[in-house]
């Protein structure tokens, strides 16, 4: 493994009864730039994110972030060591303001004594101020600064997505996993989100993995692409190379007979 | 076949559609294009009778506004691929397909085997176990096997790999060339190719319409629909 | 905070001619708290009718000390906390002169200490705990004997009049059962009759195990201390098992409403009754019945009679008091001796005695009505 | 009691317990059907049945109607109340906020209890025995007619319900209503009818169970409360989403409760049941007790 | 000036504020629908009285009461960690009944069904049985409790609770320890309830199991919902409802209608005013505010052609 590898999975397998969702998959995602995770439906992309974020326990294999193994960690431990995800469907606290929704992301930051927080003294006070600042920064970064006090229900779909992304980056993650962030968005919104993601990655420098079916967006967004199919690793490399790869062509873009695999 | 007149629709106090008027001829595929939040899904839901609305919706000569939603499906042969897939997570794939007192016939099974082989192997499984795209296939399949008179597709390509999207659209072209279809699609070019007529919608208003074959007009309307909305949204 | 002062001790408690709260030139206001709604409503509603009739009766005869009597009824839903708040309201807000009647052991236990706090006397709540009627709550004057005394009388009668070898006592778990045990054991001390106690929890859904256990024990007399519903549930279960011992039960089963509902399954049951059977033909009861029917147009039930007696005893004390003040009424109550109503045994209180009587009448449910088999079985104390 | 109970006593108690258990099972059937159609259990369920029992008592006792008509009228009332609860309360509440549907049934519970108390009074009454007073001494145990009556009736209703769910599309429709009424409607399910219909059926079942319990015990405004609790316990332990498990647990719970009462005294039954609930819910594998899991 | 009777009632109301604050944290914030909250109060009340009866100093008995209530809360948190709202509510129901059963079956210690009188005690120079002193104690404690609750709601822990209430998936994805947060909510809720129960026991002088049963828990829920489950002020309104409304009903001689009103209230509030009185007030305010702005007009044909 080289220095610039942010996230590395090794020999991952996940089975659900007769279905093999991941079949000894090994691949790497660089720490710089944004990686795309591609593959036909049911290829195991979401499952891979689930394993990395701790929502799914693999039957074999390991996950490493910047060289350290996450094997025994639960979801919370992973968040604390910097692995954060979003969901295929947006999940927000509908009764709290956008600000509070994003503030939730501070969980990933260092803990501090709850008693001190309640009393508002010493480190507790400092920590509360820090949480506040971090939240403001995260909101500004995705361009939601002016909407901080609004309720999520009042926001259009694309903005709701951004709230979720702001929440994910508030904790300054080392690895950010986005599952189809652009699904259901119109083209304008996709382009705007694309800019935001590039900017966030640029300024925070985390390993970012994006699952996306819109190949045009993937080409604009990603510097590196990993392709899965039928639970197995297929190919990895720069987007243009991957798009041209005949194996990917067959399983993903569709030579006519490939769908009856 | 479908004639909508002066349709206004509300969610609670907020109005989502304003005086929408639109017609779909028998056999036509009509595409609905607009930004997020423009009101496309609301229009679909109004046709299905799922939102509070005023105005008239005539279908095959019958007035629908007093017809309860379940009869629109049963009696008038409407079928929908809903936004967000509409999976019934506690049910199996087969039960999702059978929804509404309908058993899978041999013919249906055949169709599934041919068009969605991934599904035919997993009919007995809980639908919530499927991947996002696989669930979208269930949604499509559920609408298709009913052989509807009027097919409504709300973002049918959501979460589908390109290979499957192509496949779905080619099916639409071939198998449903005779059927009447209302299509909501984010990818304007794809929508243009799949449809006969396009309606452009922004902030709850129909901005205009264009024949799909007239590419220049479609481009002009698309720009209008998308710019307008960004103006409205600020 | 106020400590309990003994009645009669201290200047504030001396009987003098002064203005007392709850008393005007025309009216004396009494008060009570009762479970008028909730699980124990029906008996309390009857008691209330009895009290109202008694007050009407007294007022027709010119009231007491030339004053009309009025009474304030508050509903406590059988909730102790509510009963206590009610008594506070009666004393502090509604300024009643004294408390008369009331019903429910738990509720009475809850408000009794409040009397000490405000030096207000109360007469005759219908409650069967042995924790009441002692000098712990010196302002509380009890008319009816506690569960222990009730059951002692009942069992004494049963063993004297039939051949009993084994007694099964089915009782609500807890202090009621302990009271019953004390009473029954005192009667059986020197006999060779076996007795077994079967605790029960209110709300049993299947009485078969309980009934089977009692049957297996071989009880020929079964004493029942349960809620009306559970008593019925138990009787139904024994019937389903084909088990038919002799039954004896606490006063709840002497009420007309029970007999109307469950007369057939409780045929032959002996019932402890703290007041004279309202259907009896003793002259005192007959006169009471006559008055009551004149006033209300209905024949009195057990709890009508209880309400009536509660008011009558309180009225006697007020009448005997030198002035209409609380200390004077307390003095009069303490001096009450052998007061005969004909409806309850003669009532006697003393400076250190708050238990008006310990005698019990034994009745039997026969052919859908209550028949007196032994009037006031215990000699008055 | 000295020594162990006699075998015949054990058998008698066991049979009575199984009879009670069958009634619990029927009661639980109502709970799980209603849960299927609206993802909701009703705290007012037992009280709905209570209205049938107490109401019918009132009607025949006041000689308004002959007994059988009073029973039918009581059941009718339970059906109407249950259906109306669904139509006017449950359906609207679940849309407002999660957990509110539960809260409104708690409200219904209080309303039905208070209203019954005001209309019918709060006394306990004997109820028509419905065979609970007939029985015969079989060798080894005493048999009562109420138990076989209850077993046959509960058993057949449960089996019919099972077949209706499995063999017709009704089962799918019922679940679809709970999960996504809009989707169900879009595919031709008359959601209103199915929901209200199932709740009306629930009302009928609650009424039947209450009437049968009343015939074995007594009737008043609160006699269904412990039965409601035991029904809930069985449904929770067996799993609300399953069919046979909760029904079976209910039958066994009746037997268990009965035997505990015989061996350890009647007061031991209540905690014995709660101990089962708490132990199962804390110690059972989470697969058994978890909700429908939707994968992230 | 209030009569001593009303002083007593208001004092009780202030003690109930504490219980309602506990339920606000547990249900309003964390979404855990507990039907054993009154039982938690009961634990505090009984442990307090029983320990004082056995010679424990009042201050120590308060600590014991809170500790016992915490334990009771922790016991419930066990199943709560694994169960959904509905199932969990039923389990708390069982806990509530179990509490009542224990009281009823330990008559020698707790007085059983007949209840238990609380001795008159003094703590911090206040004799709780005296309405004046109780009022002071109530004012100070309810104020401190409110302050504490508001603070908690603003910390990370408070936000975590809301996250669990609104979206457990979102909560897990940001690394919230769901189990720990639920336990915390239970401990806080129970501590408030236990304190409240202790105070009510010694200020009223008598406790019994029926004051802490399912109905009592339902009334607490009604109170918190009516006030507004999402705000601290709602707890005050709710406590006022619990203590004052029954008194008003009995003042007009309609006390038997109170349970009916309670049930209807629960249904009506849930259906028509889900955010309670506090929510209702703020909606009215918003409506008034929005009258001042014109609604944005829909885009016209002109804008289209201009584009």
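Order as written gives the chain letters A, B, C, D and E; numbering starts at 1 within each chain.
One rule holds in what follows: contacts are C-beta pairs under 8 Å (C-beta built on N, C-alpha and C of every residue); 3 or more make two chains touch, one makes a residue touch a chain.
Not measured: the values here are computed from a predicted model.
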item	value
Third chains touching both chain E and chain B	A, D
Topological distance between chain B and chain D, in contact steps	1
Of all other chains, the one whose Cα centre sits farthest from chain A	C
Greatest separation from chain E - chain, by CA centre	B
For chain A paired with chain D, centre-to-centre distance based on mean C-alpha positions, whole Å	47
Between chain E and chain D, distance of the C-alpha-averaged centres to the nearest whole Å	30
Centre distance in Å when chain B and chain C are each reduced to the mean of their C-alpha atoms	76
Whole-Å gap separating chain A and chain E, where each centre is the average of the chain's CA atoms	40
Multi-partner residues of chain B (each touching 2 or more other chains)	129
Touching two or more other chains - residues of chain C	37-38, 41, 173, 201
Chain A, residues touching no fewer than two other chains	46, 55, 87-88
Chain C to chain E touching residues, read off their complex	1-3, 36-38, 41, 74-75, 77-82, 84-86, 88-89, 91-93, 105-106, 109-111, 113-114, 117, 129, 131, 172-176, 178, 201-202
In the complex, chain A residues that touch chain B	16, 19, 39-43, 45-47, 88-89, 156-158, 180, 183-189, 213, 215, 251-254, 258-260
Parts of chain D lying in touch with chain B, wherever the complex brings them together	168-170, 172-173, 175-176, 178-180, 182-192, 241, 292-295
Residues on chain B engaged by chain D in the complex (per definition of touch)	45, 48-50, 68-71, 73-74, 78-80, 82, 86, 88-91, 95, 98-103, 128-129, 142, 146
Chain E contact footprint on chain A (complex, rising order)	53, 55, 75-76, 78-80, 84-87, 91-96, 100, 103-108, 114, 117-120, 128, 131, 167-168, 171
